[in-house]
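The two complexes that follow have chain A in common; it is paired with chain B in the first and with chain C in the second.
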Partner chain A sequence: MLAYIVRRVLYAIPILIGVNLITFVLFFVVNTPDDMARMQLGMKHVTPAAIEKWKRAHGYDRPLLYNDRRQGLGRVTDTIFFDKSARLFAFQFGQADDGRDIAEDIRERMWPSLAIALPVLLVGLLVTISVSMLLAFFRATYIDFAGVVILVVLMSVSSLFYIIGGQFLVGKLLHLVPISGYQGGIDAWKFIILPVIIGVVGGIGSGSRWYRTLFLEEIGKDYVRTARAKGLAEMRVLFRHVLRNALIPILTGVVVVLPTLFMGSLIMESFFGIPGLGSYTIDAIRAQDFAIVRSMVFLGSVLYILGLLLTDISYTLVDPRVRLS
Partner chain B sequence: MIKPVFLLTDLLIFVLVAVVIGFAIYARRHEHLRAPWRQVFRSRTGVASLLVLSVYIMIGLLDSVHFRLPLEVPDNGLQASSQQGQPQSHYSVEVLSLLDMALRPLREQAEKTYSAPLATTLFARETVELPDGSQQRLYPRLIYGGAHLHNPAAERGADLFKRTGVAIVMALVVWLLLMTLLLWLLAYRRRLSLAQMLDNVLHRREAVPWLVVVLVSALLLVLVMLMIWLAPAYHLFGTDKVGQDVLYQALKSIRTALAIGTLTTLIMLPFAVLLGILAGYLRGWVDDVIQYLYTTLNSIPGVLLIAAAVLMLQVYIDSHAELFATDAERADMRLLFLCMILGITSWTGLCRLLRGETMKIREVEYIQAATAFGVRSSRIISRHILPNVMHIVLISVVLDFSGLVLAEAVLSYVGVGVDPSMHSWGNMINSARLEMAREPMVWWALVAAFVFMFVLVLAANLFADVVRDAFDPRLRKG
Partner chain C sequence: MAADYVYQIKRLAHPRLQSPILGIMSDYIVDLKDYAARLDAVNQGLAATAEQAGEPPPWLDLRDYPLAGVEVVDRYSYRITVQGKYPQLRYWLAMPFFAPLPYEVDRFYSQPGLAERNISLDWYPVGTGPYRLTVNNPNRQMVLERNPNFHHETYPLEGMPGDREAGLLDDAGKPLPFIDRVVYSLEKETIPYWNKFLQGYYDASGISSDSFDQAVSMGGNGEVMLTDELLAKGIQLETAVNTSTFYTGFNMLDPVIGGYSERQRKLRQAISIAFDYEEYISIFANGRGIPAQGPLPPGIFGFRNGAPGINPYVYDWVNGKPHRKGIEDARRLLAEAGYGHGVDSRSGQPLTLNLDITASGPDDKARLDWYRKQFKKLDIQLVIRNTDYNRFQDKMRKGNAQIFMWGWNADYPDPENFLFLLYGPNSKVSSSGENAANYSNPEFDRLFDQMKAMSNSPERQQIIDRMARIAHRDAPWLWGMHPKSFSLFHSWFHNVRPNLMANNSLKYRRLDPQLREQKRAAWNKPVLWPLAVIVILLVTALLPAVISYRRREHQAPQLDEAVRERH
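For the complex of A and B:
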């Protein structure tokens, strides 16, 4: 087990280097260090000397990927790429272009993101599992058929409709809660509840349909027939046998997204004005702040790889048939 | 003469159409491919959703034939200079499509600003100077919407009623004609009398659910006829901020949505299929490299990758403005690029599926037999493996479509979607969103975009389900 984890962590390193390389190339094709300097110093009245000074101060005065003026290892290490990405592996995110500390920002903005994403996941899981269990219970009846039709309709509606419609209905028509914004502390629930409801409703369609097929697949298996043959009641069959077995794929689907919850949702956060990591990233993209984008991409990739690892480990915990090798 | 314009996405769309037609001809001759499609055409949901989809596809194809109209050059010095050589004509910078010509009244009848659906006046009061010199605040009449009415307040209801009636009657007439033709064709092929055939259809004795075809096409025809009879005289879905007809925008957006939904998969398919099969078949270091590639791409948050790439392209386009003759070509370039980058972020799932399936297939006896006979790897892949994973490819292409259409709207909202000058439901929603705050609310553009998108996605989802049921061997019955 431990050897497996160590191997997976080591395997993550080349992947992260690849991720860094891709983001790096993408962004430096767009704007050269000169452009960045111009943007930070203001577009007008920029002298070449000022640009050079800014580049030196921020460490952008070296070649991008390959330094042919150095010898040996220095050719690779004395470049912007190496300098900027090597620190990421130690989770030193450095400073944004406007001088703020990125790590500090992330720590601060993580909580609003989590405050939305975690309830959406938990409540959503509860609702979708209940709905799909209900449909599986009424399988092959008109209730099941109507339920599936409703689910297909729900998943065909654009997520933007849920957001805009929800904001309109709850915020503007009923005047229950503010339609956007955020505030820490006790009053936070007022701002959280609407995005959470919308996030849950938006996920019911596809989620429940998928879970329903999982349940139906399990219901067709031999052990369920055995359970019925023993004379168990349908509810007991469903909850004791089917649910527990169907939870294995559901659980793995959840564990893989668990770490990325920190990253927040780009769309939800910018619609509802939540100062989380999602809106942080969007703002950084719009402002072409490479330092923030690079940090967020790196963080996202680390969390994703962590999610994959957790998935594998959780498999062995819930399903004794699976062995890590 | 008109000057045809071949946008890159147009060409790809026509390549796609050719591929689909070619595949259809190929599938007709092979029983193992015909059987699942027969199942699709025998399902009621399948037929109904296919009919709805075909209306969308028809509009999309009409909108993919582009050209530029010649400008009428006034008779003066300009002509003299061009007379020595070839007679040179000048073309409008506006790229039009066949759909634009068909919807000419909608495109050209622009009002001043907002007007509600079917309205005859503007949405907001304005100060108007009356003929006697006095000023009054009132709702000004629209230039085109209901312009044929003398007294809109009294006549509008009757006029709408009359036009709706005419539209429904016309729809029924066309429908009867079409259905008789269909019935006659069927009767001819089955060598039955018309009455027998009608009886068969009505009592569902045919394998194909013709009754569904009949009913759905009646519904579609009524909708189309309503559009034809109401849209030139009124603004069926109102007008937007600059007075452009919302229905026109919604119809123009269809091509964008279809292009994103189909071209994305068309572009990513070769990579996904080739790399997936190679990884599964060759194993070893090839497998390692390909796995590394898709794990890396997968672990970058998708929206970030798309955003970065689209911004990069925008910078490139802005600095190379001379490469694009018209705005349409520039917008088209961005659309194509968006399809490409969406393809790059979405091929990994299919690739992984194909890798797993190929690993299973390569252990099967017939592959081992082929290897023992000394058949080359390339031949084994193309003859034995590829046909056996095609159902996975088909299912995932159809399933991906609706997700991509929905994704376009979200990306346009973030600002990294299609070009703002291009008609798309995402852009419509994005600009209409700001009008939600108005009191009373301007809701029609939003509703129109959502309804058009919903119908397309719903039809695509239903169709995808039927296709999956027909092609997935695990679900196949008997």
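For the complex of A and C:
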């Protein structure tokens, strides 16, 4: 397994270089270093000298990808791309254009994101599995039919509607929790509970329908019939046998998103005023802060690759027949 | 202390900082430009030495480098020497760029390791104001707490006419500030922000377009009134015309729409009449603005109210109000310009003009259609060239735009800060200045040079009036609109008076926290019965399922049809 993991990590390097290069090209197609300087310097009364000074101070006074004034390797290394990208592979994100340390900001902002994303994932998983089990148990009855209709309705509704509707109903009409905001410490639950409920409800539709299909597929198999023939209660059959065997596809979906939970949710964080990582990248794009954009895209790619690797490893844990080689 | 003010002015030229006003101040403060170059050379030497030693560059102590144009006179006085006369400097001195900074603070934040932990002056500022910034997380919350060392300052004893009747002088003579703790929370979306204001969790609010109809209704004569819902909550409204202008500019370098010939002038004047800004304000700004008669907004010296202030090429003064000229006048001007019925009499081709714009939202489509409709009134075809802001700016710098839309917020309350937007040497194309229309009229420029260093006086007003007449005739802009700000505040929030140029008004505000708590409690009583209804509904829905399950579990095993037949 170790050889497999090492090989996958080595495969990740060219992927990350490619992602970094694409990010770089896309960013500088629409922004020039001069535009970035103007944005940081405040747009008004900005002189060409001030722009040059800003570029020099932030390392944007060099060619983007190729420096024909240098010799040998310097043609590639003395460029904005190399200078800004090489350190990423050592996870040195450097400073944002406003001077703040990006790694420190990420460390600070990932906790609010996790405070929402982790409960949404865990509670959502519990609720979704329970609902889909219930429907599988009552398959081909009125409960199954009504349940599927409700799930289709739930999955057809926009996530934005859940957020605005949830804030209106729970926060504004019923006055049960604050409409938005975020607080650390013991009062945090008051602010977290509504986004978590909305996140869970918003995910029930598609999740339960998928899991229901998985369970129904398993229920028709021989080992389930055997378990029933042995006289096991239906609940026991479902939770001891069916659930365990349906776990592989569920794990694929869950483990792959685990690392990206750190990245937060843009819309959720924006509407609830949660200072997480979800809005960090978008704010940086608006501010034309390339340092943050490349760092966040790089981090997102690393976490995604890590998620896929964890998924592969988790297969071996839930299914003894699977071996990584 | 005076030395702290001087130290800060030197910091404008600090080579490791990026002061946006170094360029403009270098034109006025004696020696500042050379000082920046001298500091840059010193810094490079320090950086090179430090690099050889493998260390970060050491602190640059600006006290060691004198700036000829700024000097400490005594402990509480300092002197700035400017080139020529620059009365606007007093406004700059009131801005944060000139806030005093002790050298000790600069030295403290220059210590190695602090920046890596995001411990910097802009995150943990040092000052002498009425409040201390005790929590500074602009991504979530900022908290100001009363500064126990604030110098003694009292609420003003005098105000504007009507202030006493409005209760704005009830606190006259009392020590400032009144509020102990001020919490600013970041709300990125307008809907939760607005709802929390209505619940009483915010003391004051603006009005977003989404919430406008819920907050404000317009009377028959255009007067602004709060809706019954807001009045019942005791919410009050304050309006003020911003010291800013949103305008539509013509690129005066363009051979068709620009230029100074009678033909080009009349074309612009015709468009100025046809482009109905009254309608624009009504439809797209919910009435929050006034049509501009020139570049100067109300509140800035030189602005003329009433008949003398109108743009006579676009408006007539009728029944005590400016009245936009009819479309027939515009068509007549267009015909005189040689574009009758929107056709160029010289080439016989339809007249097509290009509007460069940055429109990105879904709401912009209606606005763009409206623009086309305005030009259609004159049978002119308008091509909208939509682009992102960076490309738009690039076009403007190169003079490739034909018609564009832009705006300006006052830096300080002086007519120079608006009229310089039409000053020839300040042209965007030739000198990267703020004159985006590249307007250049020698007489206007001469009057500007004369006016800019004058104190406010009848003579200055006369010159501004002459400049306005020239600009009205040349019509380099559709003068656009001056937006109005609408501010709402709750009944427990006092001493609110809009002042869009001042950023230090927080110390005058007063709160009634008991009333606020009472209202919040009354408005936000939890409603629990729907939760009980949901639980009952769930149980009711699941009950048949549970009964069915139990029945099935206790049923004797049965062979299904297929198995039975086989047997």
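The rule we apply is simple: the second predicted complex is superposed on the first by the 325 of 325 C-alpha atoms of A that agree within 3 Å, B and C clash if a C-alpha of one lies under 4 Å from a C-alpha of the other, contacts with A are read in each partner's own complex, and residues count from 1 in each chain.
Rule of thumb we're sticking to: a contact is a pair of C-beta atoms (placed from the backbone, for glycine too) under 8 Å apart; a residue touches a chain by one contact, two chains touch by 3 or more.
Here the structure is a predicted model, which is why all the values come from computation and not from measurement.
Once chain A is used to superpose the two complexes, chain B occupies space that clashes with chain C.
Once the two complexes are overlaid on the shared chain, A:Val123 sits clear of chain B and of chain C alike. Residue contacts after overlaying the shared chain place A:Ile248 against neither chain B nor chain C. Applying the stated contact rule after C-alpha superposition, one finds that A:Leu134 touches chain C and leaves chain B untouched.
When the two structures are aligned on the shared chain, A:Arg286 is found in touch with chain B, with no touch to chain C. After overlaying the two complexes on the shared chain, residue contacts for A:Gly99 are found with chain C alone; chain B is out of touch. When the two complexes are overlaid on their common chain A, residue A:Val224 makes contact with neither chain B nor chain C. In the superposed pair of complexes, A:Pro14 makes contact with chain B only, with no contact to chain C. Residue contacts after overlaying the shared chain place A:Glu234 against chain C, while chain B stays out of touching range. Of the two partner chains placed by superposition, chain B and chain C are both touched by A:Phe168. Note on the chain A alignment: of 74-82, 128-136 or 362-370, the part of chain C that runs into chain B is 362-370.
Overlap of the chain B and chain C interfaces on chain A comprises residues 30-31, 164, 167-168, 172, 270, 288.
Contact residues on chain C toward chain A in their complex (touch as defined above): 15-16, 18-24, 115-118, 120, 122-123, 137, 139-140, 185-189, 191-193, 195-196, 198-199, 201, 388, 390, 393, 411, 432, 434, 524-528, 530-531, 541, 544-545, 548-549, 552-553. Those residues of chain A that touch chain B in the shared complex are 14-15, 18-19, 22-23, 26-27, 29-31, 152-153, 155-161, 164, 167-168, 172, 260, 263, 266-267, 270, 281-282, 285-286, 288, 293, 296-297, 300-301, 304-305.
Those residues of chain B that touch chain A in the shared complex are 292, 295-301, 303-305, 307-309, 311-312, 315, 402, 406, 409-410, 413-416, 429, 433, 436, 446, 450, 453-454, 457-458, 461-462, 465. Of all residues in chain A, only 30-32, 35, 38, 40-42, 44-50, 53-54, 57, 95, 98-101, 104-105, 109, 112, 134, 137-138, 141, 143, 164, 167-168, 171-176, 178-182, 233-234, 270-273, 275, 279, 288 touch chain C in the complex they form.
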